[in-house]
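A short worksheet on the structure shown next.
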Amino acid sequence: MKKVGILRFPGTNCDRDIWKSVELKNQKPSWLWYQDHFNPKDFDAFVLPGGFSYGDYLRSGALAALSPAMESLREANQKGFPIFGICNGFQILCEAGLLPGVLMRNKEGRFIDQWVDLKLRNQSLWSPVKINQVFRMPMAHADGRFYIQDQDYKKIQDNGQIWLTYENNPNGSVGDIAGIMNEKRNVVGMMPHPDRALFDWMGSDDGLEFFDWNLS
Amino acid sequence: MKFALKILPKTEVLDTQGRAVQKTLMSHGFKLTDCHVGKYLVLEIEEKSREKAREQAIAMAEKGLYNPLIETYQLEEI
Amino acid sequence: MTLSEKLKLYRISQSEYAMITDLLDREPQGVEWAIFSALWSEHCSYKSSKVHLKKLYSQSPRVLQSFGENAGIVDLGEGEKVAFKMESHNHPSFIEPYQGAATGVGGILRDIFTMGARPIALANYLCFGEPTADRMQELVDGVVRGISGYGNCVGVPNITGQTNFDKSYNGNILVNAMAVGLFTKDDPICLSKAKGVGNHVVYVGAKTGRDGVHGASMASESFDENSESKRPTVQIGDPFFEKLLIESCLEVMKKDLVVAIQDMGAAGLTSSSFEMAEKGGVGLTLRLDQVPLRDPSMTPEDILLSESQERMLLVCEPEKLETLVEVFERWGLDAVSIGEVIKEPVVKLYFKGELLTEIDPKLVVDHAPQYKRPYREWSLKNDSSQFSSESFKTPFNNKELIDILSDYRVGSKEWIYRQYDQRVGSSTMRDCSSPVGAVVLPSNRVLGVVLGCRPHIMRQDAYLGGLDSIFYPALELASKGFEPLAVTDCLNFGNPEKEEVMTEFVASLSGMNSACEALQAPIISGNVSFYNETLDQGVTPTPSTGLIGLKEKVENTPTSDFENEGDVILLVNLGSGFSSGYLSEIRGQQSQYIFNESFSSLAEKFKKMISLVSSGNIISSRVVGSFGLSNVLSKMCLKNSIGAKIDCEQDPWLEPFYQVVITVSSIEADRLAKEFNQADMKTLKIGEVGGDTLRWKNLNLPVSSIKESYVHSWSKSFPQLS
Amino acid sequence: MKFALKILPKTEVLDTQGRAVQKTLMSHGFKLTDCHVGKYLVLEIEEKSREKAREQAIAMAEKGLYNPLIETYQLEEI
């Protein structure tokens, strides 16, 4: 069984949802507390769940990015471990500089909860899903407008770092971007919630594949 | 004319952001006795006369740029 | 200060003053004024409503906890229980809509997790004035952002709601929030009864500020021209802090570190401490100077009355205090012992060593006045001889229907619920777009949540409206296969000192109660909000309700929309009553109704509906509500953009008590219609799903126009909010 | 020592809030050529020396009070 470390910051609120998602795919979840350092070698992969770490105060993800656990996560990144940030987790990864760009207030200035269709553009190191496949799942955020400077946008485009795009851009993200990865492709982040699309009764089970990591 | 509006939570009102930011900074070893988070608005007003522009800026503030129940503001020419 | 000035300041009446001096055997002094003012306020003491609430049907074998604690608890079996309650935050939301609504959500959540339940769902019942009324755009915006800002951040999904508009709410909006919490197998139920002499009284959470000092007594008064100057410091909600409080409180309860716990809500530390002592039949000593303060210049009176948010009071055994404090510290929260439980049943308040007062908590809690406010017997306004659907004929054609669908009262509320996180927790099966919200429980059963009370029916007849506040949402549950289990309510009325208001209060409560008895769904928690009145203009009597229902499995839950071309549309009759409805009100016609069904026979049919739905093959269902069949059929076209062809004699605008529209596959249609008929529910085939228009009588309307009207209704009336 | 941090969105970044505020104000008849919404942070630093306090304030800003990708800041003693 693969061991998955789930980071918990004060205000994280999808932690238990991620726990469920990870268990559904027969992997072993453990909590990683924001104030504590951890040894990356004790795990196979890491997830930063959604929520409102520090209430989204100052900037979404900014205060969480300063936590001690994030120092260990940087170490994990250097060693090439898979790291997956969802929603607030994505915001934290950007604020921590582990992913390029930043997530700003939605174009219409409000929180939006709705279903979206996502297209997979490039493959990350460990996600198994197929290019151009379309996934349906919910998004729910106020700060989900992906922004990156022009020259950097070109760079991530050329490098194939664009992971997922919206079929109908709901929030004004540059290049319809819903998810990206780092250059080494081990760190990925996305705004929509695969953890809310696990069963038909939720409205879709397209999210399951996002927890089906093909870890070597 | 360009004016800036500095908006802060009233002192007697709980400043939720300030509380969280102060705590985080202090956990990183910074020594803070107080911390507040407010808004900073820059208004570029189409008006040559300083006096009139200032009046306009005040009128805008009062129109709803700040919430007098919980905030105070200061005006500054920039 | 003269006596009469003092009475005015503390909002204590002459006769109440006489009662107090009698109880104490002396004049009240110092902080005692503040204590009596707060605890004897309408808001805390329920002095005008208690005699009536006592009579409510509130017990059933499933009920583990009814009135008297922070929330009611129902046993769902299989080791699962739910706590739920609804509460109003009307006055604060009118003053500062964002913070008012936000702290309303925070308060109701605390009522739930104080008992040891993890909050799993929120719902909100809102009443606003006309869009053109003074401040209304700002109020709608602020309230919705407040609910969304708080609920989303604490991470509890908002799964259902109702929004009403009427001019009677122009000067008094209603903001009622409901929360549901879940206990799984090993979660303890925690109560607020203080006990154990020598145990610590521990203060947990945010520091105390001047927020909302005198708030409780203010909520117990009508608005007038001077309301502005009476404003206490606005209470600010911090959902981030609340989230930490939820996690840490649940943890200490689970670790058995808590003897009793109570949130500090209205009248803050005063009501929590006195109520905990009174319930436990013990006394407390409290050292007010040890309460963590945001502003060190606060007086003992300020400390006692502060309504600062996100605070808890709990009782803990001395040997467990250290562990308790450690848990809270890990979550970044302060926990401080501020007193002890004592044997003698008195609350002793100290400030810097000085004894401010010692009072028997019974005097302030138990002996609070109870008024039998004057009211009249209700005489039903239904006169069947007058009602005939013939006398009520409004044209029905494309233009009329578009007109109604694009009315803000009818059109889409998506602008509101799109701002709510409806799925955090990963258990939402039905979100706000469905008439019934639903979450899947760990046992894989489903919990349905729905709100009730249709103000336009209340305006027709308060007793009928009371019945309907239960029957209508219960049928919404039943039509999806949920068995209604229990009810919470929030009784929003005007000034109870007016006979008219009290008469409507009693009538609607009696209607609700009869319906609950018939359905065997007890009312187990709730809240009364009087004085929703500005300059003598009161709100529509609005007893909003929240019902929870249980369904054994996820499967066989009908959708609410037309799904497949060729499906057959059936109209199921559960009763034979009708109302001329919302349309007659809007059009200024005489409103009439007839309601003759016996409650027990209705309840019987609801049961059969549940069992028929649960046995499968019902593809979709919707209860026929305001604006009758025309509205419900239009709504069913929206989601999948499928139309229908209807052939039915019934007046399209009539509002039945009660009917359900269902769709079934054509091969099952006859069999199912027969089954419903055999179960005493007259069922007619009224049409077929298909095409891209809705066709009926003179109507032939493209589904795209229906959608357009329905969706654009919002931006038409709330141009600043889109 | 008390310092204020004025944080504004960089000019090349779309300032949705500024745009929305400008639109609302202009719909009320105010004449604005530009409008920006940023943050105003007050830091009360436990440090007597002005120089050292300023260094501290800068260190806090750089630690994460602003995001250099999208924001600029100005420091001001108050």
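As written, the chains take the letters A, B, C and D, and residue 1 is the first residue of each chain.
The rule is short, and it goes like this: a residue touches a chain if its C-beta (ideal position, glycine included) is under 8 Å from a C-beta of that chain, and two chains touch if they have at least 3 such contacts.
Worth saying up front: this structure is predicted, and the values here are computed from it rather than measured.
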| item | value |
| --- | --- |
| Which of A-C and B-C has more C-beta pairs touching across its chains | A-C |
| Euclidean distance of C-alpha centroids - chain B vs chain D, Å | 10 |
| Chain centre separation (chain B, chain C; CA means) in Å | 37 |
| Mean-CA-position distance for chain D and chain C (Å) | 41 |
| Residue list for chain D, restricted to those that touch at least two other chains | 24, 39, 63, 65 |
| Chain A, residues touching no fewer than two other chains | 54-55, 57-58, 63, 66 |
| Residues of chain C engaged with two or more neighbouring chains | 238, 240-241, 332 |
| Touching pairs - complete list by chain label | A-B, A-C, A-D, B-C, B-D |
| Residues on chain D engaged by chain A in the complex (per definition of touch) | 12-14, 16-17, 20, 39, 63-65, 67, 69-70 |
| Interfacial residue positions of chain C with respect to chain B in the complex | 95-96, 99, 206, 209-211, 231, 233-234, 236-238, 240-241, 294-295, 308-309, 332 |
| Touching residues on chain D, where the partner in the complex is chain B | 4, 6-8, 18, 21, 24-25, 28, 30-47, 56, 59-60, 63, 65 |
| Chain B contact footprint on chain A (complex, rising order) | 54-55, 57-58, 63, 66 |
| Chain C-facing residues of chain A, complex | 10-11, 13-14, 16-17, 20-21, 50-52, 54-57, 110-114, 138, 140, 142, 193, 195-196, 198, 201-202 |
